[in-house]
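Sharing a structure, written as structure tokens. Questions coming.
Chain lettering (A, B, C, D and E) follows the sequence in which the chains are written, and residue indices restart at 1 in each chain.
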């Protein structure tokens, strides 16, 4: 058995980097700061690759036995009760190891890329500090061996996301976006927390291993329905999924994600494309046995539908966006919807194809989506704008970007042999087996994806040449290198026999492509691409004409289905302006008013009775005798 | 009669000697040296006070008309301390134009004879002695209240006091006559055996109680208090609020337990009602006062209401609480009056708003006032807290939790107006603050004594144990 | 003891006198007439004391002496009161009780 | 002299020393020395305490000392500490010491200021070490009274009004308390024998139920007023808003803890049966406090009001946890007291610094301060994050312990109440971020604030004193929680 | 016979009492007071308390009334007519007095007084002896105390008077 204790250093290295950068408080030189960040990540990446190598390699090839879930480290961090301690620990299983690789790799790329992208920015050290903090938190989240630890890092991830979105804190839109991101996810986390409370109360443990164990406290019992025809466990899982949906920007908790694009683009690549936003998927996958078995997978149904709807809505919204990053953001949402959908359609069967497919997609998506974002970053870096309408015919100016971007677009559209094709195809296969309508949505979305991605691609790199204030040029090696690296992965990742490593039951599975399905999905992708090509490869009036002819429908989409407005209404009008102001008013006027009234009444009373002391000695005598006689009368009548 | 037993009357005799000595001095002394008289009187009285602390046996004299016990002795000592402080504070006042050189002796003479009256009232073994003590205690004070001849307010205070007091003693006497009719004796010892609750004796008791309540300023028998306190010279007001009231409280406590044990159900009920009325109305009246003397008058009314809580239980612990409280109250209240007097004497200012910014010009005086207010309000760690706490404790011990709650809420109300004084002195700043001044030595001594009392009487528990030991 | 007259009757007389005095105290507008009412009132009590002694407890003279002392004290009271009243008159040239209200509220 | 008594004596001596010094420089030097010694004592006490516990001392209280005070009434000066009091003493010492540095430039009546501040501290220390209800009550009021002067003299805004309101309401609370304490005393010897105020002795009794029913609400409400129990919390916003910085720190940070501690140590511990029976009423009230405070903070524009309402919410959570009657939630309550104490003190310190520089506390008049005052602003953000329960900072530890613990209650009603109060974390996030967003972020709103003085050394020191424990508690809560937990067995055993 | 006399005296007492408190000429009020006091002295005589009657006449009729008359003359014109109190105050006072009378009479008449059988004669010598005795029912101490009281009151009254003269001169 290999000793995996060094796994602790994987999250710890970025944390150290964060401490160094954070405590030096911007006094550190930019170059040193960047170096610290990158170096820590290089080490962490190396460690995690080593770990993955030895973990997966331990079994050798061709084995038929499950990967062991290891807990090399575990200590009680805070003892809630003797039976319910809050532990910190490391859980190594295929899922976490895979995530470890994804997170460190993408993070490393982003760290390197940022050296160029963020060069000369104010708060460069702060940026790297936050980036390190995020990486630490994400790694901690991935390695968590119990649900409370997950929650711990879940929140940390959220806050580092907040800090990074709000990195340009003097930009009001960035501040608003950061706030929105934090508050929406916080709201979702409320569900998560309550879910944890319910789950742990009935299960008596936080530990994933125990929760997922077939003979554990959750799965060995039949939970009687108590509410709405479902058991409490179901509701707990649903609440936990609420947290997952919030982090993963699932409908209807997705509204923060497009706005989060206010953060620096590398941040979007890392957090809002590759890693943090898939934490929800990761969480559901973590608790997959529970989701699968409690109430016969009823919660999983919800997951599937939420994923499907999110995928569809996001894809639709992505078609009309004019901000390059927003298109990518919606695309992210859509793809995560895919992943959720895939998890949701994993039926209780032995091979649970959807589970593997989902995580495979997570894996591939992380790379090509961060590639897309970094490419977008390159463009923004060159043009200083996000607006598609100010772009065009950039393929000559930005060749590296162009080619890598194209690779990524093809990958996401599901064109073989790029990685996205394989994972997406598995998802569709899984969905088809399970639920027709979900499959149909997935299939349709595949076409939409191809369409809007290539809309993006053609608009940027083809189309009309614009008046650029200065000639666009690409960044240095530190920006190009990550692009190249990610593109490389995108090219080859599809051929990884993912099912060999990651599967619902831990056993290796071999998945074969179903060429019938693959063919049709390639077909719809091609249709999408061609449509986009027709509309956008050269400048035409047609797209706007179509938009105009769709009228209200178009507006509906453009206004993001008015979901943001509903939220704004609830948050601003109801929470702050009605309840908040109401409570404030109530407190000032009723509660405080009552106290003041008591005080003032006493004083008034005092003023009112002062006159009794009239200065007339006879009045005093009257009172005196009256008092004496009153006493007498009182006792006469009483006895 | 065994004349050697007259030693039991040590304090009365000593004070009488003092009185006579004053008369002799008045006659014998050169009028140019009259200004030394206050010092002499003070020294003599200090001697007398010290004498009072010497142990003395219990016993009775004159066929039971006079009796003394260590507890009564202690009560007299407490009154002595009160008067001693008053004298210290009056030292500068009596030599001011308000009194005039040729009336100094009389001032002391009247104060001492009033104290003598209080002694007899406390030590009385029958109604006659009690009545005479009462009158001896109050009539000279009426003259003292009117002492500032050129001020209408002073005369007004005097006439109000004398008329009200006479009416009160009339009612009290009517009550005594009814009690006498049913109980068959004026001697407490015999009367107690003869008394049992019936229509006439209850009426007598109620009249008697009302008359005595007048002296303690219990609501609704309190109306004279504020006017008299305001109009009288401050020394006299101090005397009234501490010594007169203290004596009356003591007597009430003694008589309720010794003479009216069979009426306990009745007087408990009355005390509850009157205590609530007194505390509450005293407080309500005090809330909006601006004149410091008048303000302190109402405050002392409210304090009297609190004292009643100690009488309720009717046991030694309650009596101890009362004695202890009065002792503390004497120090606290006289500290307040001392400051008021010092300021009035130097600046003629008596209004609360004129005290604004006092701390910045006269920090020490303000600190004394602060302590006094805190002690009166019953805030730890000063003595007033302990005094009140033990009063409440004794009432709670007798089961009067509701009353205690009312009382403590009243403490909070009272805190409001005590804080008003502190607010004026500490929080506010003034355009024309009272200029810095230094009081005369006796005043400063008295204030130091008061502060020492306020600070240590509570914390130093042997005092309480000592009082308890004497009461038992 | 007065032949044929019960104690109740005498006490009734003195009580009535007492409250006549009270009435006077409460209604007269002049400090001196208030003082007169007070004397009425105190003497009524003295009468009561003496009568009770004579009728109910004739073994000794407690009530009788009490009455004597009440009379003496009442006289003293009058002396002090008159001194103050005269002083007040000198200050405000009035003995009207309504004028004596500078101290109030 | 034993170490606990010196905790009270050192401040008293400091006060005495302060009476004789002149000028700001001397005064603050002496205050710093006195409170510094106090802090060292508190640390020493903590270490020593842990050593003793480690060495197997399992008594309920350590460092016990009992001096008969009023013999005939059986009033003792009885002191002793367990893990809970040790933790709170440490908190008090930290906040007090930091408070001195935050008030470094107290120009007006500086000597008097430090005297009052330290008198307040004396009361708090005395309260936490008391095992005798009488002394406890004495110290309780001693801690409250200086507030009047502190707010009244050195406060801002409607200071006289606020000071008066605060003092009167707190004193009114102690009125109920007093009656409750007397009730305990007179029922402390059911079989005859000597009445006592001693907490440990009363705890051994099984008081009759009807008496408990009568006393519990009195005592709980009495302490609840100081613990900002709805609807008796209204002294808090005005009081905090008007108080000078160090006073707000000490008051919200420490003094309000007296309420929670007292409610726990006296009401719950001594009257367990009534507590169990009547807790639902107060659960409702405290749950309202939690949500109400949070919602109340949403719309405030004055920083201090935001923080005051936030304190209502957080302190409500303390009482809420106390009522949940199990070990974990008790532990959480104490942790929350510590956590809230530290971070609210930090908040007020920062607000004070901001106010000193800008002479406004209106968040709408600020904006973009992050650029101008990076240290203060960053720390403000951290404090805010601690307040909304970010993991790695103290708030998370405390809140999670409370939620998990409270949720262990068997009764469904209580668990639903927990869910209700958990919801406050969202609202907390909203008001914290709102303030941060408006005040610190965005472009600089007022050009006059472009070059405000940076944080001075004493300010940084004050901040650091509070920030380090916040982070320390957030990262390594284990030992603290264990220390508290170990002291809870006796109390939990009563339920 | 005595009974008739008593009723006569009682009636005059009450009558003159009423006149005392209602007469609008103050000097007359003083005179009516004198009549009341004299009536009381008569009752004392009837009861056999001659000493008391004598004291009453000497101290009161002789001293106090004269003092009052002097005071009246000092402060009023001879034919000064008093104003009436406000009606409300009169009414209240009347009600209060009647209530007081009612309550007291109720108590007196509902109380069952014991019948005293033995009725010793009042001996002047016994009174004298008791006045100076120190034992039970001895009145030496009160006698001494009242002398101090009178002394104090005299001092008080004089001091006020003396001061006034000083100021005037």
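Assume a residue touches a chain if its C-beta (ideal position, glycine included) is under 8 Å from a C-beta of that chain, and two chains touch if they have at least 3 such contacts.
What you see is a predicted model, and the numbers here were worked out from it, not measured in a lab.
Under the contact definition, chain A and chain D share the contacting chains B. Separation of chain C from chain E in touch steps, taking the shortest path, is 1. Centrality by C-alpha centroid: the chain sitting nearest the overall protein C-alpha mean is D.
Counting C-beta pairs in contact across B-C and across A-C shows that the higher total falls to B-C. Remark: chain B and chain D have CA centroids separated by 42 Å (rounded to whole angstrom). Computed from the mean C-alpha positions, the centre of chain A lies at a distance of 77 Å from the centre of chain B. Centres computed as Cα averages put chain D at a distance of 70 Å from chain E. Centroids built from CA atoms put chain E at 31 Å from chain B. The residues of chain D that reach two or more other chains are 168, listed in rising order.
For chain C, residues touching at least two other chains, in rising order: 7, 11, 15, 18, 21-22, 25-27, 34-35, 56-57, 62, 65, 69, 73-74, 76-77, 80, 83-85, 87, 100-104.
With touch defined as above, residues shared between interfaces to two or more other chains in chain E number as follows: 85, 89, 92-93, 96, 100, 103-104, 106-108, 113, 137, 139, 142, 146, 149, 153, 156-158, 160, 164.
Listed by label, the pairs of touching chains are A-B, A-C, A-D, A-E, B-C, B-D, B-E, C-E. The touching residues of chain E, when paired with chain C in their complex, are 1-3, 6, 10, 13-14, 17-18, 20-22, 26, 29-30, 33, 36-37, 40, 43-44, 46-49, 51-52, 55-56, 59-60, 63-64, 67-68, 70-72, 74-76, 82-85, 89-90, 92-94, 96-98, 100-101, 104-105, 108-109, 113-114, 116, 118-120, 122, 126-127, 130-131, 137, 139, 142, 146, 149-150, 153-154, 156-158, 160-161, 164, 168. Chain contact summary for the complex, chain C toward chain B: residues 7, 11, 15, 18, 21-22, 25, 31, 34-35, 38, 41-42, 45, 48-49, 52-53, 56-57, 62-63, 65-66, 69-70, 73-74, 76-77, 80-81, 83-85, 87-88, 91-92, 100-104.
Per the touch definition, chain A reaches chain B in the complex via residues 602-603, 605-607, 609-610, 612-613, 615, 617, 619-621, 623-628, 631-632, 635-636, 639.
Residue ranges of chain C in contact with chain E, taken from their complex: 1-5, 7-13, 15-24, 26-30, 32-33, 35-37, 39-40, 43, 46-47, 50-51, 54-62, 64-65, 67-69, 71-80, 82-87, 89-90, 95-96. Against chain A, in their complex, chain D makes its touches with residues 165, 168-169, 230-231, 233-235, 237-238, 292, 295-300, 309, 327-328, 368, 370-371, 374-375, 378, 385, 388-392, 396-397, 400-401, 403-405, 407-408, 415, 418-419, 422-423, 425-427, 429-430, 433-434, 437, 440-444, 477-478, 481-482, 485.
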